[in-house]
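Each chain carries a letter (A, B, C and D) given by its place in the written order, and its residues are counted from 1.
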Amino acid sequence: MVAAACGGDDDGEIGTDAGGSESESAAAADVADDEGESVAPTITAPVEEEAVVEEIQRGGILRVAMEADGDGINPVTNNFANAAYLMGRSIFDPLFAFDADGNWFPLLAESATPVEGTNSWQIKLREGITYHDGSEMTADDMIAAFEAQLADPLISLAVAPDYPAENAIEKIDDYTVQYNLLRESAHYPGTLTNQIGMIPPASYIAAAAEDPTMDQMPIGQGPFKIVSRAQDDRTVVERNEDYWQGTDNIHLDGIEFLPITDTAIAAERVAAGDIDLVVTSNSDAILTLREAEGVTTLENIYSAENDIMMNTRSAPFDDIRVRQALTFAADREAYAALITQGTSPMADSIFHPDLIWNNPDVVQEGNMPEMAGPLIESYCADVPENCTDGKVNIELQYSGPSVSQTRIADILTAGWEPFFNVTEQELLQDAHILEVATGQFQAVVWRQFGNVEPDLEVIWLECATAEGFITLNWVRWCNPERDALLYAQRATDDLDERVEIWRQIQVEMNESYAYIFITHANWTVGYTDRVKNVCGQMGPNGETLFCNEQGRQFFHNVWLSES
Amino acid sequence: MSDLQLTVEDLYVRFPTSRGTVEAVNGVTFTLEKGQMLGIVGESGSGKSVTAKTLMNLLPRTAEVDGNITFEGEDVRAVAKERRKHFWGVKMTMVFQDPMTSLNPVKRCGEQITETLRYHLGDTNATAKNKAVDLLEQVGVPEPSKRVDQYPHELSGGLRQRVVIAMALACEPSLLIADEPTTAVDVTVQKRLLDLLDGLRRDRGMSMILITHDLGVARGRCDDVAVMYGGRLVERAPTETLFADSRHPYTEALLRTIPRIDQPIHTRLEPIAGRPPELIDPAEECAFALRCRYAQPDCLEAIPPVGGVKGQHEFACFHPANTARGRQALDANLAAGQTVTGLQIQAAAGMN
Amino acid sequence: MARFIARRVVQLALVLLAVTFVAFSALNFLGDPLVNIVGPLAAIDYCDEVEAGLREDSFTSINNSRGDCEIIGEVKAEFGLDKPLAQRYFTWLGNIITGDFGTSFQTQLPVSEIIAQKLPKSLMLMAMAQIIALAVAIPVGVYSAYRAGRAVDRATSVASFGLLSIPNFALGVIVLQFFTLRNQWLPASFDDTSFFTRVHSLFLPATVLGLGIAATYQRLLRTDLLTTLQEDFVHMARAKGMTDRHIMTRHVLRPSLFSLITVFGVSTGALIGGSLVIEGIFSIPGIGSEIVTAVIRDDFPVVLGSVVVIASGFVVINFFVDLFYTWLDPRVRAS
Amino acid sequence: MTGSVPSTTVVDDIADDHEVDDTSIKRLGFGFWIAISWIGLISIAALLAPLLPIADPNEIANGAPRDGILGDNFMGTDALGRDVFARTIWGARISLGVGFLGILLGVVVGGALGIAAGYFKGLADQVISFLVFSLLSFPSLVLALLITASLNRSFLTVAMTLGIVGIAPISRLARATTIQFADREFVQAARVIGAKSRRIIIKELLPNVLVPMGALTLLGMGISIVAEGSLAFLGLSVEGEAISWGKSIVDGSQTRDLNQNSHVAFVPIFAMFLTVMALNFAGDRIREYTDVRETAF
């Protein structure tokens, strides 16, 4: 939800993965699902070599390693970062999900129909879905969940901008709810695929509000239910025998989630067969997984962008000359080569060239220090108080303690050294996010974007979230024309038109010089040969689920062979 | 000759140190008969303790030992090499000077006795403890059953030495070596301890070597007395003969250092002038020459061989005291007012 | 004896009082806990103006009824952060004595539960480290004293001196280098299922921690043994024909344990620091990582709870060290 | 280093006539001078680092990344291609600096407390000993954590932290040494003739206490250098671009780097090991030379 994991997913002592944030937004997105146009290149598991399809074996506990642990798994109070989503996806089924082509389809919901002449959508829930505590899921639960999310100080920041202050949600009947939006949206169900689409029972929501420790033991309706959870130690879930889709294709007896901050060690343990599956974005871990025999890696390089962000509302970055100088002097090549060690490609914009949204003409500048000199000279002439002996004073903030983050800071500082006096500031991850959210930063190492449905990126770019004490438009760059483009692409369901709009947005972002894109982050799911059918998740009507969506795995249909 | 229990022939003990080799024992030969008590007298540094420790195989690893020692027919140095068990502590034991440190402060007195009984004789704890109580009683320790469980710091010096003696005699050894057993104890306790040792020795028919620097302690107790000086045995004789008719000038000088009942009060005791002999690479001469009143040139040319009547009264001196040759040498020195080594002398009062 | 224990208990109380007050005031002086309770709202600094009526209280979340400063006020009251330092200290102390360690600011879990779950692993690591240290140091110390000056003694002296100079994290890194996961030496993960698996998982880290201390113990023991070897009762024992092994173990060892025991008591303090680092390197979910994150996050109750537990552990251990003295040396018992 | 050869009473029997002291005559020994020269060498190298003909430690991709020893770069390069040898020399500046400054603070404060406690005895001794025992029972690394995690982690704060951690053990030793000398005749004599306490402490006690304190400074410096490493492993060593041995070791001991190119970690480890060993050895020889009981530490 709100990028709870920006600036580095790890908060352990010697965490090693590259910093970054998963971000999603509640903005609706709709894609004409009839032509089945492929929105994103599908991530499919490499075809199993064995000729004969092994007979599915039931049972076993899948051991999963995660890069960090969430504060809790209650979708209405906790910010879901990668770890919380991994556990959450086993406990909750979202209302909607993306299929392998990147189009949304109804999962818990039966149908989603826009209301003629209004911006509202009616979502009809399948009947007969029971929660882990046996109670049946109804519209009341959906309403309770949505209102709780609107009330939460942090989650509401990402949800509230798209809904009216009053009557954002109405009950139509026991199984149907109407969401009233401020603006027309053609792909609204796309936003109900993430945390907003995970609905715990109303009774649990009320109880958890009283006793926050219940956030650690959520009640959902997913294929697995929680058995035990020890923060930063181990979380165990077991098969939910009365799962609403039946347990025929839920083969695992249970899953054990282990937060291991040093994911390179987790990779070693997968190689040694002690752990079955690891989800990581750390280049060391990815290389180890690739080299290990008996381990398969499933890499998604469209899942986020590693970039540098500047606060366009505070000096010296309120001046475009300084932003341009910082961009030109940035040593993007050293960062890409040395930090990602070739595991992820350079990035020019928020869309990878394979994606249809990509604008090939947009090129991210960098490694051109000679162009930065004159800009700095002219700026320091105008604003001498921000410069000392001909260099602009800036503060580079990053999250830690983490070795890879320190290395990134060292590379960037070395590149900027001729033009900037860089003071490095290492903050703990949540303090780091807080400082960025409240605009108390100048330049920041960050990771963001990468959603399957681009409409979910609108929250980070619109003017609505650039004002106020806490702003999700981190760089605080408001451009009314861009707003118009954002809402236009949201309203239309004509794919070519949307692609054209997003290409213009990329040009505008490039010229704003608010971001310096460096690489596309690589979320890898590494698993041993024992783990079968990792990408074989099926929806209720036979749809195959999108696999490794930013490292957020589903665990339906996965099974463990004892060979 | 009754059966010889212990023979020591040409015993040499050397210690390499950073300043040269110390010749602690320099060719000592003596014998001991079963049940006999031999006193070994000499200043500190005369090699008496080294000799005792050689018998007991207590020398540090760096010591070099020559000569041979037989005890009840066994070659002692061979036993040491084989690291044979049940030899020391059973056949031959030793008692040291300072009772305050001879007992392990953190172990009960009883334990320190029973451990030898259990180890050598294989006694069970119970029998060993009873024996210990009996032993303590035999050595004159009051309330032995209470004392056996006490710690050394809870006993007086005299009592502690009795415990040490009990410890030594636990396994009925046939030879007891006592190295200055009473030096660290006050005089009143000294006599009672020596009487105790005598009594125990006679009851058990045990032979004993009493090492002391005090001739008085040796008198009246030992059958024979041997005098050591500079690592060598300079004289050995039955106790009374030694006192009455000593031959070696050092023995004579020693006798003059102890107060005599038959002497008038306030007789000045004469200290022996000069410094103790140099043990590092000693010269080929009589070690006592520098301090000897009878010293003549031939004393400086060679080490005097052991003469006199073998087994009766042996001594190693070219100009022995109480002999014509000796008197002749002394008179010459007195006339010259000094000896060949330059020692100033004048007629001493009360020469016997 | 009772008087001795009473005196020690008073000392325990006094030391704990001093330690906790220092920790409490240091924490409050150095950090601000609001960050992880209230999150972003903590950054609001204009509440005093709102109170003074100069400014309107802002509503960060759109339809949130209560103003930000109102929320902050409530939180401060709830966690008692608005009261003066001394008062907060005594309320906290009152709770601790009644066993209520309070709840973690971060996860609202009761601190006693966090400690109960995490401390045993660290305690086990430290206990195993001490056991390994003693198990190595005593035999090596005794043998090198027995063989003083000889080759084996010189070798152990060089080795123990080297061990003394290798920082435990460097030793940990070296061990990690050689015993990587794949050659099955390093236990894959901290396996909590049974006592045996826990020992197996902690064996390597405990050895790394233990060797450093073993070097100190060995050197101390050897020096004391050499002095005791010169005592007369050792010659008396040899005169009694007791074997060397008997003399070294039964007679010489016991009176030579004093400096070893003293340093054993003091080293537990340093050991806790060491285990913090080793737990990080070997990724053991002990109290170490908990304290580090708690300190960085200004999670006062967790930090204070751990400090109280560790400090009292330290004092209790030194209490037993003193008791051990009296058992060791009857002369002390008498005084 | 191997201590005295055990002599039995028989040798003493001889010894008391001749001053044959079988322990080696008290000299500082050949090893001591090697240790001192290593400490001197590494300190000079650290001080003159800017002038030495070595690479710029912060230059990214100075050589190919993760290049082994004896490749283009003498001691190889780290993950970012920076020269490991240059970073080890520059790292010495912080590690030795923090070590020395830290222990200096510890010795000055701890020493003063210890001498006061040892000399004045009575209530002063009680109070100071109580304070010291409380400080000792406070886990030293948690204390260091408290300070570094909350304040900025500049060179000075880290040095100050290590100094504070050192106060307790140092004052314990200072007290023990002072007590040892305070009862000596020459101090009683000075008291008898009515010398003021301050004069006694400075004139009589200090010179005697200084040498063992010197020994302790060396030992303490070794411990402070290692403590900086421990802080680095908790991510709390000196912040920013500053280079220290601790931080280089942490950078080099990431799981994959450790397996593939362990020289990045082992060069600083070896440098720290040699320096700490030299400090320990020198301190040990001085301590043995002045014969202060080690248990006081």
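Methods note: contacts are C-beta pairs under 8 Å (C-beta built on N, C-alpha and C of every residue); 3 or more make two chains touch, one makes a residue touch a chain.
Since the structure is predicted, the reported quantities are computational estimates derived from the model, not experimental observations.
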By mean Cα position, the chain sitting nearest the middle: C
Between A-C and A-D, the pair joined by more C-beta contacts: A-C
Chain centre separation (chain A, chain D; CA means) in Å: 48
Separation of chain A from chain B, taking each centre as the mean of its C-alpha atoms, in whole Å: 95
Computed distance of Cα centres, chain D from chain B, in Å: 54
Mean-CA-position distance for chain C and chain A (Å): 40
Where chain B touches two or more other chains at once, by residue number: 58, 96
For chain D, residues contacting two or more additional chains: 5-9, 233-234, 255
Contacts with 2+ other chains: residues of chain A: 13-14, 262, 265, 268
Footprint of chain D on chain A - complex, ascending: 13-14, 16, 262, 264-265, 267-268, 284-285, 287-288, 331, 334, 337-338, 400-403, 406-407, 409-411, 413-415, 423-426
Chain C-facing residues of chain A, complex: 11-14, 71-72, 150-154, 156-157, 160, 165-166, 212-213, 216, 230-233, 258, 260-262, 265, 268-269, 271-272, 274-275, 428, 430-431, 434-435, 437-438, 440, 468-470
Complex contacts: residues of chain B adjacent to chain C: 56-58, 85-90, 93-98, 101-107, 115-116, 119-120, 151, 153-154, 164, 167-168, 170
Contact footprint of chain A on chain D as seen in their complex: 58-61, 65, 79-81, 233-236, 239-241, 247, 250-251, 254-257
Contact footprint of chain C on chain D as seen in their complex: 1-9, 130-131, 133-134, 136-142, 144-147, 149-151, 169, 222, 226, 229-230, 233-234, 249, 253, 255, 258-259, 262, 265-266, 269, 272-273, 276-277, 280-281, 284, 293-295, 297
